[in-house]
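Shared between the two complexes below is subunit A, which has subunit B as its partner in the first and subunit C in the second.
Right, the complex of A and B next:
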């Protein structure tokens, strides 16, 4: 999966337009990345990549790239 | 897991009662941001809920549901040998609210009556406890009542909930009648994890911390992860233990936590969503009552004489979770009723302008 495809998955999850996200974008600057989105992210990561996210891991995310780095496929 | 089999005991009737007042959840949001509202509705699936006013408590709706079963001819008061009430929102610190329900229903003294402090997992624990007691005693019929009034909150607190978590909850109670049937039976699988007791907690207002906020924020992510991993796992273990398959069941009835959780558990155990009753869109998360409420919502108005095989799972505060599979005739699932009963207990309720209980001499 290319980096763009991974970003597209996140854009789809957050209901953003294609191209809205870049790896260096700060998560704090994305209004849609709220508590509900974090639950959706848990499901996405487990279903698509078999990665289980804990609360501590999610708290450690600063940029979109931090999430993409765990998308190991 | 603790697996139990209750031979010769059946669940013979289910009823549920809700407050008459319908609340549109958007009218209660602390955060009026339209995007938040849209996401809340999309992710939780909750559009409306029922909320009781301060004249009624969960016990009133429990009483209404239990009386509905009695008035429908399923039991006489003197036949009930066990009454268990599961709630986090009791009428009193003591005695158990179940005792007032016993009095109101006119049950005899030859009856084992107590409360259990459990929340969302209340249904599976309640029917398992009642069936266990029936199996080991001379009692022949048992009533389980389960319900909370978390949407209402407590009157003398101005702020009901500390966050929008409170928005999820709807008020409702259910009653379940169990009896010795001499044939058939059902099974349960129960689990608990006290190491995660802080994930969902109301730590203030009891004996260790008498003063403090009415609620503290829960660990949403920990609870979500627990639910989508532990619940499907226990469901699979239950199926293996009972040598059944998910296809053997007409419905998978899950605690109505939120839509995202329902869809995830259903997907993980392979049950199509059309076989997963959903009532949280109109009633919210109704805590321990949500499984029986979803059953009553699905079948309560269906006039058929046929048996359905239900696989149910409740999970939540504790952490505490379980699975119960049972068969019941559709005609024994009664329609949802609006509850108007109020228990006039004779104690006074006087409050000042701040909403604090007035000091009395």
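Right, the complex of A and C next:
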């Protein structure tokens, strides 16, 4: 899966337009990245990549790239 | 001294017997004199709970309740090996959180299998002739999610609401045998499931709501077990077709 495809998964999850996200974008600057989105992220990562996110890992995310780095596919 | 919840000699099936509530229920029932027949997918954990039971005449079966088609053979085997049942506590279940946009048919079926279909199939099989004593009692663990909407709980709420609907029909179907069927509706219970929620979904609406609204505090597994034991006992002899809230005030407060 390419980096763009991974970003597209996140854009779809956050209901953003294609191309809205880049790896260096700060998560704090994304209004849609709220508690519900974090729950969606947990499900997405488990369904698509078999990665189980904990609360601590999620709290440690600063940029979109931090999430993309865990998308091992 | 009398014990209205005495279960001496009663053979009771407990599914999900190694989970937080199932484990506590199995141990309590044995202390009240019951012969406990436990069922769960985790063998090592079953052995551990088995070793904590009081008295004798207990048994355990390693079984995955998602194998709905094999339940009939399991029940037959249990009755042949242990004898007919006087009670059944359905403590098995899963409680995944999944946002609506990520909830597909297969996700719902998975929850329905674990929380609902396995229960109906066990009741269907266990209440057949010579498998369950007349005037026996069945208790299922439902949830406040049955009556209260919650974010990301579409499949779970559907399964628990269906469960509560089902018990009211079961009592009609089992009227002749006077078998009682009830459910209990806990909210947040201090089990492994609860701690993993706090760990996995911090700062979500649901966790915040729990901390604010369940003002009598998180329910302890023994409190759930006590209520199940009560409903299984003759102390609840004319209580049937009902669902008891054990939610620390969450849904009404």
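Just so we're on the same page, the second predicted complex is superposed on the first by the 73 of 73 C-alpha atoms of A that agree within 3 Å, B and C clash if a C-alpha of one lies under 4 Å from a C-alpha of the other, contacts with A are read in each partner's own complex, and residues count from 1 in each chain.
Methods note: a contact is a pair of C-beta atoms (placed from the backbone, for glycine too) under 8 Å apart; a residue touches a chain by one contact, two chains touch by 3 or more.
Just so we're clear, the structure is a prediction, and the values are computed from it rather than from any experiment.
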item	value
Partner chain(s) touched by A:1 [first = subunit B, second = subunit C, both, neither]	neither
First (subunit B), second (subunit C), both or neither touched by A:69	neither
First, second, both or neither for A:26, with subunit B first and subunit C second	neither
First (subunit B), second (subunit C), both or neither touched by A:44	second
Where subunit A meets both subunit C and subunit B, residue numbers	35-36, 38-40, 42-43, 53-55, 58
Touching residues (chain side subunit A, partner subunit C) in the complex	35-36, 38-40, 42-44, 47, 53-55, 58-59
Touch list for subunit A against partner subunit B, complex	31-32, 34-40, 42-43, 46, 52-55, 58
In the complex, subunit B residues that touch subunit A	35-36, 39-40, 43-44, 219-222, 224-225, 228-229, 260, 264
Complex contacts: residues of subunit C adjacent to subunit A	97-99, 101-102, 151-152, 198-205
